[in-house]
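In this document, chain identifiers A, B, C and D correspond to the written order of the chains, with residue numbering beginning at 1 in each.
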Amino acid sequence: MGKEAILRVDGLSMYFPVYRGVLRKKVGEIKAVDDVSFDITRGETLGLVGESGCGKSTTGRAILKLYDPTAGRIELQGRDITELEGDELRRIRTDMQMIFQDPQACLNPRMTVGSIIAEPLDEHTRLKRRQKRERVRELLDAVGMNPDFENRYPHEFSGGQRQRIGIARALALEPKFIVCDEPIAALDVSIQAQVVNLLEDLQKQHNLTYLFISHDLSMVRHIADRIAVMYLGRLVELAPRQQLYSMPRHPYTKALLSAVPEPDPAREALRERIILKGDVPSPANPPSGCNFSTRCPIAEDKCRREAPAWRKMDGGRFVACHMVQ
Amino acid sequence: MSETASSQSTVLEVKDLNTIFRTRDGEVHAVNHVSFSLDTGELLGVVGESGSGKSVTMMSLLKLLPSPPAEIVSGEILFEGKDVLDMSDDELRELRGGEIGFIFQDPMTSLNPVFTVGYQLIEALREHLDISKKEARNRAAELLSKVGIAQPEQRLKDFPHQFSGGMRQRVMIAMALACEPKVLIADEPTTALDVTIQAQILELVRDLRRDQGMGIIWITHDLGVVAGIADRVIVMYGGQIVEHATVEALFKDPQHPYTRALLAAMPSVDAERSERLHSIAGQPPSLNKRPMSCSFAPRCEHAFGRCSEENPPLIETAEGHQVACWLEHPQYMKPPSEMQMRETF
Amino acid sequence: MFNYTIRRLLFAIPTLLVISFLIFAILDLAPSDPTGNLPLTIPPEVREKIRLSLGLGEPFPIRYLKWLQQFFINEPLNMIEQWFGITIGDSENRLRVQSWATRSPVVDLIVERMPQTLWVVGMSYVVGILIAIPIGVISAYRQYSVFDQVGTFVSMVGFSVPTFFTGLVLIVVFSSTLGWLPSIYDTTHKVTDLSSFWFQVKQMIMPVMVLALFNASQLSRFMRASMLDNLSQDYVRTARAKGLKERAVLLIHVLRNSLIPVVTVIALGIPQIFGGAIITEQIFRVNGLGQLLIIGIQGADIPLVQTLTFIFAVLIVLFNLLADIVYGILDPRIRYE
Amino acid sequence: MVKGGICDGTCVLNAGGFAGAGNSFSQEHNMKKALLCSAVAAGCFAGSALAERGSDGQLNIIYWQAASILNPYLSGGTKDIEASSLVIEPLARYDETGMMVPVLVDEIPTVDNGGVSEDLKSITWTLSEGVKWSDGSALTAADVAFTAAYCLDPEGGCQQASNFTDVESVEAVDDLTVKVSFSVAKPFPYGPFVGSQVPVIQKAQFENCMGAKAPECTEANFGPIGTGPFVVSEFKANDVVTYEANSNYRDEAKPAFGSVVFKGGGDAASAARSVLETGEFDYAWNLQVEPEILSKMASAGKGTVVSAFGTSVERLMVNKTNPDPALGDKRATVEGGAHPFLTDLSVVNALSKAIDRQILVDVGYGDAGQPTCNVLPAPAIYASTANDECLAQDIAAANKLLDDAGWVRGGDGVREKDGVRLSILYQTSTNSVRQATQALVKQWWAEIGVETELRNIDASVFFGGDQSSPDTFQKFFADIEMYTNNFDGTDPENYMANWSCGEIPSPANQWLGDNMPRYCNADYDALVAKMAVTAKLEERAELAKQMNDMLMQEGAMIPLIHRGGVSAHANTLAGVRMNEWDSELWNAADWKRAE
């Protein structure tokens, strides 16, 4: 690609300890995120997809340092932020923001929309009241809302509007990088499109970089430039959009794509489905070898013994599978 | 088309159903003049966004809505020719779970967390069938294995939280099928599930439908799901049916602007990727007034004078294809320019 | 669950030690004097001697350690001796926690008070629960009905009108005017036959009802809220969709779930029984633990107040644990580890 | 059946009349005594002819303060002393008129009958014959001597030790004779063993409970063996005492009641209700209830309110020293200097004149109070009349006094002179009657141009001796403080000595001392010393009056109310003779059911 990487994640792991017994001895770990590496270039959208519980949200939070990663290294604009703490961390937070899934749960119902959006400004800037108000109105306008709404309360808005407020708040500090954690999952179909369009417009205007976490493969296909597929805490495949959707390599990616229903009965009828057996294993007790080996239709003995390496393929594709040549 | 489509007979017929909620802030007209029918062995898809009245309609069928605040103001719900609204409590209970099975959206909350899965299954069986506890237990285990749950005897003793989401939905399906109902109403049964699990459940329903031949009403907001399994589709908006067609006709020739917009707003994993998603401006309607005009008019690109003055009736534009839109109304003279616009879709 | 219980119990030890120190220190620092309530005719020199004889001459840490030893070692040993009728070591000279006012072991006083407190306050708790649960269930099921409105009003009244007022009203009506019930509880009364049992019932009616009304008011609101919570749950809809009878839906599915938080609230409230009901006990002269505490406070009987408060703290800690365990038993989703 | 007991001849003796020779009695006095004696004797006869021990069933007594312990030596609480007075008895006690009556002796020792030595340094009591403890053993002089030893043990924390002041030894001369020797001449040698707070306890029972072991003898402290009309059958500390008639009581016909329930707890109002309205109880003690409520209850017709007056006086103590916080350690001490304006007699007199004591009585005390201008209002022979002028409120005169003394009203109506404002901090304990009194007094003082700041302190702090607390009545970090004090028995010698210079509380004596006003006058001290060696009653009375008048005229305190006790008994209870000089239950042996 040749473009500079704004974010570089190398071997990121996030384990949650499991305690048991009278003395709360640590008896194991939930490997929510296990040895994940990728980078995102400036202005790009990286889609992160996977089923619930696969660790995609945890990855997003660990990158924003909302958790302390167990291992690995996170670099933002060339700076290692893995070990940052306190004030330094606070300062770097202005560069990276997050948009959450449930806008209702994230907006304080007792604050006006204006003060919700102004909150990060209070925290990180020394703007005067007037300037702050200007900025808030500007942001509301930018997310397609009437600036006069600043004195209303969140409950007066619909889900889509609330998500716009959440986006305005995330934009307040002019971040470079935004983690969008399932930003449209709670919205109706007709509203999803509005929000996605808004995110795309904002990206163009402000040269934003997104990590777009979603379980909706068709929406990710629309918004993301490259897509990473996650399964049970690990990345299984990462490829540019076109390549991933037209020619998935990893058996899990294939199964995932085939499971997405198509709004077209003609094509639906022709599609060949790969139905995976069973459920995702518990991350507290992952299978040996390849994590996907228990459900993989083409798994061989080797898969159950050895974890496959994260290999770089042609055309910017990465894949972790013994069976992919 | 379903395999059993040949031996069709109407099992459920809904005529002009109106349901309102009486709240402190006034009445909410959740279901307005809804009519449809379901044949045996048929799968009727009901599509609509949240608040479109699709769930309320189906809950009204079995009077499952809490009353107050909900009230079925008028209409007829004929199950095998008998009006559900006139039934006694006992008859109604016989219908619920006996003749009509229900599956709900969220398998996490739809099962009682403090009773074992076995208890909840057996309870349903013994309510409707005159069988002993032991027989009921055997039948429950059978049902579990039928919906693809391994070691059914063991799992009867487990509590709902010990099942994964997909397994729980299988339990719900087993419960709904317990008494071999003639009609199964599935209210967004896969919305809370992951796509791979959704694919499993869809596969399961296809199999069950082939074996049991019951009529199914499948409520969803996902046009993709409907495309794969339904015979006929109803599209709801603002508590009303705006379009009603066979699945092929609907996707090939969507007639209501809302249906078209909805299809355009959905990205696909296979089809060509458009540069920009087609969004529907504005917000869904609030239902605090009886619809006096087309409820989609404020968001409709093609709305004209009459749309905001009069509520369009459902008219048949082709065999089995109905739509509620003034644009399709025979009285409407389409100006050429608008004809043009439609072509561009 | 077992591990969890053990761990919580182990954790309770340092907690209780800290609490004991705080209680001891706060009461010790409070500006009250055991001789403060004596007649003024007793001269200061005598007062000073009295204070010394109560052990107030010693420094604070020594007194604290002594109390700890008395409370945690001597009193349990004494209790074991009494239960099993055996003698362990030098039981004659083993110092027990002594009340300053009565010059008798505090624990004996508490044991003596226990029966009437448990009878009256405990009974009122039971009666309160028995009243509250059906009221809560019906109120929730028929939300905004006349029953619910009346229930809401009555429980508002029961909750907001202080017990000393309801107690007084009952006395004026049933003792002074009608003369049906005794206004003063006879703690020496022993039930031996039917008529003495009837007398016991009569003298318990008023204090029990006053407290039960108060307890029921709180609990029925809680029960109602919990029922309402559960009535709107999806599984209730499922149960109805299965064709279950309304009674089964309500009394099996909803009630069982609604009782989970209520039972823990009930468990958490049990220590209050042992705390006695200070005001009601005063009004009807039930003279249970509540009255003992208030006398201790009024008379600056610090060892008594320290011990009572501390026992109360122990009970609160234990019943908190119990409430958690009960929760875990009732709700299969909770598994403490 | 006809047996006299204490009614058989020996007659009561006037509380004052024993120490001096018989000649000091007036004719009138003797007449009265004779009349009283015959009346009592007649009553006894009538009673014993009809009654049989235990025939009247159960007596229900309610004390809203429950008894904590039945050993008066370990508790100074009135409730405890009175509860124990049904069981253990002193050698002699006071009747309702304040006269001393023999209990366990045949006669009261005096100088005249040779019981008190000429040098006033010893007194010899002779026990009545045949008095038995309730366990059947005989009461002996050894028990009496033991009682003294028990209280005098320095480690026992004996709360009645002041009754044994100056006692050098108590020895049993023989089985029935006990001699109390004092280290100094005691014109009033009736401290030990007279009055229910100093009863005789049984040596056999308390032998192993001396000194530090005293508090450990719970069984004995909860159920002392006595000579009184009743024995403890069950004691629930701080709750209820039940008694049964003492089968070994010296008068076979008494007590009329077979059992007694002495219930405690609750409040005064409901105690009153249980006697006056519901009739559940026969006797209720210390009914500190608003006068209005009490009279309303009494109108139910079930019981009678009775009151009696002793020596209790609610008074304002006037701080003669400066309580200014700026003085630091010297605050409210003699070293800190005189009070800026309360040493001015015209101010104190004006403050006193401005108060309408009758209103205070009506509002807060009812039957339980009378206005008084003396700190020593009783017994009658000690009561001065020299100060009665203060009984009538006279705002004008008070204003004039202040005007004449040069205290002029400032802009805000508060008087001042030489930069000193008449601004008073007025403290007392927390108690509704006291706060009502405070409010009234503040209003009256405002009318004479005196500004008052009110303060109330929790009783256990105010009267508690905690030296670290600045709020005790001994420290008196205020200008005026109000409380009630009295003295036991009938002899005011010790009481009046409270206001001698040596009694002033100060840091040097850990603030222990009874002279709250910090009043100091050599003339007064001389009178105290003189009284200590004066034996004749009239002379003693004269001295006491002089001291009282001196305190009043020099403005050491402003007496307000002579407070009495108010109790109530059911109309079905006969024989109650309300007594403020001793236990109210002093004659419970004579109580019986009214017809």
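Here is the rule we use: contacts are C-beta pairs under 8 Å (C-beta built on N, C-alpha and C of every residue); 3 or more make two chains touch, one makes a residue touch a chain.
Here the structure is a predicted model, which means the values were calculated and not measured.
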Report which interface contains more C-beta contacts, comparing A-B against B-C.
-> A-B
Centre-to-centre distance between subunit B and subunit A (centres being mean Cα positions), rounded to whole Å = 32
Using mean C-alpha positions as chain centres, tell me how far subunit B is from subunit D in Å, no decimals.
-> 91
Between subunit B and subunit C, tell me the centre distance in angstrom, where each centre is the average of that chain's C-alpha atoms.
-> 54
Can you give the whole-Å distance between the Cα centres of subunit A and subunit C?
-> 53
Every chain pair in contact, whichever chains are involved | A-B, A-C, B-C, C-D
Subunit C-facing residues of subunit B, complex | 59, 62, 64, 66, 68, 89, 93-98, 101-102, 104, 106, 109-115, 123-124, 127-128, 159, 161, 172, 175-176, 178
Where on subunit B does subunit A make contact in their complex?
-> 49-50, 164-167, 194-200, 202-203, 221-228, 247-248, 251-252, 261-263, 265-271, 273-274, 276-281, 283-284
Flag every residue of subunit C that touches subunit A in the complex, lowest number first.
-> 3, 6-7, 10, 337
In the complex with subunit C, residue positions of subunit D that touch it = 62, 66, 68-69, 71, 74-78, 154-162, 212, 214-216, 218, 221-222, 234, 236-240, 242, 261, 263-267, 270, 273-274, 277-278, 280-281, 458-466, 468-469, 471, 474, 483-488, 510, 512-514
Residues of subunit C defined as touching subunit D within the complex | 31-54, 98-99, 101-105, 108-109, 112-113, 171, 175-176, 179, 182-184, 186-188, 281-283, 285, 287, 291-292, 295, 298-300
